[in-house]
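First chain A sits with chain B, and in the next complex the same chain sits with chain C.
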Partner chain A sequence: MRLPHVGLTLRIIGVLLVLGVAVFPLYWMFVTALTGDSELFASEARLVPDFSQFGVFIDALAEGKATTWLLNSLVIAAGTTILSIGLGIPLGYALSRFSFRGKVIVTVVLLFTQMLPEALMVVPLFALFRRFDLLDSLGGLILVNSAFVLPIVALILKGAIDGLPREVEESARVDGARPLTVLLRINVPLIAPSLAATAVIAFFHAWNEYVFAVTFVFTPGLQPASVGIANFIGELGTPIQTVMAVSFMFTAPAVVFYLFVQKYVVAGMTAGAVKG
Partner chain B sequence: MTALEQQQLPGPRSGTRRRGSPLGSKWTPYFFLAPAALFILVFQVVPLAQEVFLSFTRTSLLNPTHSTWVGFDNFARIFGDEDFRRTLLITLVYVVVCVVVAVGTGLAVALLLNKGFRGRGLARALVTIPWAAPGIAVALIAIWMLNPDYGIVNRFLDTIGLGVPGGAILDSPRYALPAILVTTIWQLFPFTSVVLLSALQAVPPHLTEAATMDGAGRWWTFRAVTWQSIKPTVGLLALLMTIWSLRRFELIWLMTKGGPVGATETLVIDLYSQAFDSKQLGSAAAVGMVGIVISLIVIAGSRFVARAAEREAR
Partner chain C sequence: MRLHRIRRSMVAAVSVTGMAAALLAGCGSDGGSEGGVTKLTFAASTLGDPGRGPLLTKWLEEFNKSQNKVQVSPAAVPYPTFGQTILTQMGSGKGPDLIRFDMPEFESASDAGLIAPLNDLIDVSKYDLLKQPDQFMVHDGQRHGIIFEASNYAMFYNADLIKKAPTTYDEFVETAKSLTKGDTYGLAFRQTEAEEAGVWQDIFNYVYGFGGAWSDGKQLTINSPENLKGLQAYKDLYDAKVIPRGTDAATFRRMFAEGKVGMELNNGGYVTATRGQNADLNFNVAPIPFPVRKQGTILAPIVINEASPAKEEAATFIKWALEPANQVKLQEILGASSVATVTQRSPEKLKETPFLTVFDDLTESSLPQIVLGFEAKTPDIRKVVVKNVIAALQGTVDLKTALDNAQQEASQLVG
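Take a look at the complex of A and B:
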């Protein structure tokens, strides 16, 4: 006799296994942050968080260094979001609604730049930044991060504008509205979901960025969290609980925001890349 | 935005309105394009051109403005270097394993989540978590979990009797690359899963039903209907995974710096250490060019395959 429940049970076990694998490392980060010293090095690992240790999060923030890092990351990420979307909207609009000479070249460049490794571009950009006095500043990191995330932002927004009907826009144009007014008043409100997705992509691209931040910024007070946290590696002075608590506070916003907009992000990333 | 507006309308407003065709003038697209294009030119195209130039020179990091033109010497030298050939091989292994396992796991997970069940939305959201986590945090937690003395992975492996002697996985030429691969794939499989899941949900249900009614088994239905319909998505993901893996830096750099003894040194790691440890900007740029050429070949190849498949489908 064939049991109808076997397939279902296997599926449930499979799903739980996948979820366990997906969630465990971040759970472990949280548990490690909330494990007392004595248990951390005991022969039996503690597998659940000890909430009486919660002060480690507060202490990490109160100590000041981590707060500065997170604030720097916030400034860089917010600046990158505004700049890349401010440049990406008109670029996406031009690519979507107009045919002009050089359009193919622009598209190819946008696709091509997405495969350039940051590590390759560090050297020439360092020279450029030194010449224009952009080293050791949050503004410089905003510029470079925007340049790296702009292609995907523009391509996603182009795709979103492609999906809008032209009729409203054309009638507004016939009524004498200027192209920029049409874009800002009519198209931009209609692509709000894609804007949200690109905002999250741009924000966390800059939030996570490491190579430029570690190379272009020297003043400890200007370091973002990615650099601060990476510096914990191989350093022995900081208790592992603090390291994990700071990392967790660095990770949690990225995860929470992605959960909200993941549908649009995935649709946008694939749509932006499909043309590649 | 106001600067843009002014550029676009040199004359008084009323004047432009009178003249304005419904599509604006032929310059309109360039006004929208110009700021972003200028930006990408300054921060991407010009620096890349400089890198191309550097790859044909001998230039030291300590004196970067002084370059000596050496033609193809850098390329000749790196290809003659046994370490570089090993780097290419490691890059190949890393990329191929990432692509195959990330796409394969993604497909398995997508099939698992494709049937309706209670809590599927939650499951789908939770699966996304690794992809959303910053690479720095992933590297940090991986290093802690792999800690030889207190890491949970070693404790677990010891418990089931598969412990690595000494436990120093990331210091072992044999196990460091597999450990980095597992970490990378852990971060990638949510993306492939979610993309493939939406591809699976676009498979027309009447086709699978028709196949089942014709008496086709599950495997046959999958091959004849589902696979045919998701094939373009699989191809696209394979291409994306290849390009992303070729340029991945921070995860590998933070976990091993390419070590031990070069066992995890991919092209990007090699170019970074050539530039900043050996201070050889010329050879670093040459290594970077090799990576770019490989990416371009992969892209061209994938277009060729996609076109051939399209022709066959007709």
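Take a look at the complex of A and C:
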């Protein structure tokens, strides 16, 4: 009778341990932001935030720059998520359902693009974006982030669509549904968990992206938070508490977004992994 | 019927693509001239410094108020990736109009033709330029830059912790060891590959301070006995654990400002930055107590981007900056650094900061942190040297072998 309780207790301890490891960096940022100058480098680290220092958050927001950076990050991340999923659905569907010459090569090439580091692509893409007047714009960053995240989005969605029974589509066609209607009204709702998973991947990629953002955007008002935070790191000094305060605020929206879609994510990640 | 359906799908696809293109184009930039006012951008890593950045921004605003034809605004480029970002932008025909470079990037950019020659834009004979640093601004008769900041390296020390500054290397080591206890360290320097440019600046003082040099002007001398001696001193201090190992410059400088680090070798710009972080810190400055009185200097030229469509206007700003009153203001902002022209420090400033003369006295024995004879290749040589020295610090190879490897790799690079 006792064994189930022991198992449950151990499981709870395990979960708390994992949670602690995952959440601790976030907590440490929060505590450091709320640590006074004299205690910042004390031999005994402060483990509890000193709320009398809360002004650092207010000061960081009062200037307005942090709010602008966060809004820019939100626009870029949301835009990338929408664009990559919007293009990933038809691409994943085509790879899953249609037979055409070179299909295997297309799939391999999509995988291959995931192996290219961003730094390698900065110079050629900068020249290309300059030609099409896409530099120094949020739209340009949405486009470049979407280009990098689209292959993995398409491949995950292909896997999810592979797992759907073709009979459902055939029934819809018999009832007069057009291909686009089948895709949007039948397939898309059925792969909702995978869409949530890909949304998380796309959102986080764009939210954290730094290399393109720092190179492609010149106007301070268009910089996302990933670049804005780096602006605090000076040649001769860095306001550590301010960096931690803005970093904490930078992390929070991404965590909220994940919590919002997390219930779909695990199902989405495994969708299509095992086909009947 | 099927054809009709395909045509509708195509129309829908084209419409969506068109809307996306319009959205993206609508977000594009349209800088340049507006209402007869030329808008320029100025990129400088110092604009991000907590102490100097806001003051420099105000100095730019003074220029904007001084006339109504040209407006200069700061371009925010983060310090950690400053050189790489700006060179990528300039290499593709974009980037800020005006840039404050560090020497290695300045040399690379001028060698690649990315910097506008200033001979026809600025008549330098009108200004009393400091000759020692200014000589590095001209390549084969072509002037590529004007000194924005010249900042010699010296030893900063916490005057509450150290009553008498060390004057020999042995005293320096002893002081560092005696101060290191608990959460306080005797010394701090950069020691990770992530801070490649910073490590290069730091080891430069050890190499030249022990009589070494990276080259003789014609051949690289990375593995010379003098260099080995200097870098062994750097490694010995690392091994003695008198520095906060693994800590980056931003953190250990803050530690110095909070009295948790006793000594640091740094340049004159650090005076304002340190006061910006802790106005109450009681610190002083003395020459670096190494056997040879030779140390690095940060030479930071201001240049005009060759791709800038408004070079004349950019030159207007530089000419304004060179005016005596504006040079004095700039020098006061930059702290203990020098500026392009000969300027007198005010008695008030000397009373407030008596050690300013220490920096001024070091000008003749200070050298820019470039590899003489291989100036344009300095960033590549720097990468090789730093990688090998860090490998020696981490114990994966002994220091002599590391320097031999660096000599071989760098020699292959420069051909």
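One rule holds for everything that comes next: the second predicted complex is superposed on the first by the 219 of 276 C-alpha atoms of A that agree within 3 Å, B and C clash if a C-alpha of one lies under 4 Å from a C-alpha of the other, contacts with A are read in each partner's own complex, and residues count from 1 in each chain.
Here, a residue touches a chain if its C-beta (ideal position, glycine included) is under 8 Å from a C-beta of that chain, and two chains touch if they have at least 3 such contacts.
Keep in mind that this is a model prediction, so the values were computed, not measured.
**Student:** After superposition on the shared chain, which partner residues are touched by A:Ile13: those of chain B (first), chain C (second), both, or neither?
**Tutor:** neither
**Student:** Looking at A:Val168 after the superposition, I want to know if it touches chain B, chain C, both of them or none. Which is it: first, second, both, neither?
**Tutor:** neither
**Student:** Would you check which partner chain A:Asp37 touches, where first means chain B only, second means chain C only, and both and neither mean what they say?
**Tutor:** So A:Asp37 only meets chain C here.
**Student:** Can you tell me whether chain B or chain C touches more residues on chain A?
**Tutor:** Looking at chain A, the partner in contact with more of its residues is B.
**Student:** When the two structures are overlaid on chain A, which partner does A:Ala62 contact: first (chain B), second (chain C), both, or neither?
**Tutor:** A:Ala62: touches no partner chain.
**Student:** For A:Tyr93, decide between first (touching chain B), second (touching chain C), both and neither.
**Tutor:** First partner only, chain B.
**Student:** Is A:Thr238 touching the first partner chain B, the second partner chain C, both, or neither of them?
**Tutor:** second
**Student:** Touching A:Val108 in the superposition: chain B (first), chain C (second), both, neither?
**Tutor:** After superposition on chain A, A:Val108 lies in contact with neither partner.
**Student:** Kindly classify A:Leu71 by the partners it touches after superposition: chain B alone (first), chain C alone (second), both, or neither?
**Tutor:** A:Leu71 sits against neither chain B nor chain C.
**Student:** Once the structures are superposed on A, label A:Ser137 by its partner contacts, choosing first (chain B), second (chain C), both or neither.
**Tutor:** second
**Student:** Once the two structures are fitted together, what part of chain A is touched by chain B and by chain C alike?
**Tutor:** Chain A residues touching both partners: 40-41, 122-123, 127, 143, 178, 180, 230, 232-233, 240.
**Student:** Sort out for me which residues of chain A touch chain B in the complex.
**Tutor:** 11-12, 14-15, 18-19, 21-23, 25-26, 28-29, 32, 40-41, 45, 86-88, 90-91, 93-95, 97-100, 103, 106, 109-110, 113-125, 127-128, 143-144, 146-148, 150-151, 154, 170, 173-174, 176, 178-180, 183-184, 204, 207-208, 210-211, 226, 229-230, 232-233, 240, 243-244, 247-248, 250-251, 254-255, 257-259, 262, 266-267, 269-270, 273-274, 276
**Student:** Which chain B residues qualify as touching chain A in the complex?
**Tutor:** Within the complex, chain B contacts chain A at residues 1, 4-5, 8-9, 16-17, 20, 22-24, 26, 28-33, 35-37, 39-40, 42-48, 50-51, 54, 61, 64-65, 109, 112-113, 115, 117, 123, 125-145, 150, 152, 155, 186, 190-191, 194-195, 198, 233, 236, 239-240, 243, 246-247, 249-250, 254, 268-269, 271-272, 275, 281, 284-285, 288, 291-292, 295, 299.
**Student:** For chain C, which residues count as touching chain A in their complex?
**Tutor:** 5, 9, 20, 23-29, 31, 41, 45-46, 48-53, 74-81, 85, 88-89, 91-96, 182-183, 250-251, 253-255, 257-258, 260, 266, 269-270, 273-274, 276-278
**Student:** Going by the contact rule set out above, which residues of chain A touch chain C in the complex?
**Tutor:** Residues in contact with chain C: 37-38, 40-43, 83, 122-123, 126-127, 130, 133-140, 142-143, 178, 180, 214-215, 218-220, 223, 227-228, 230-240.
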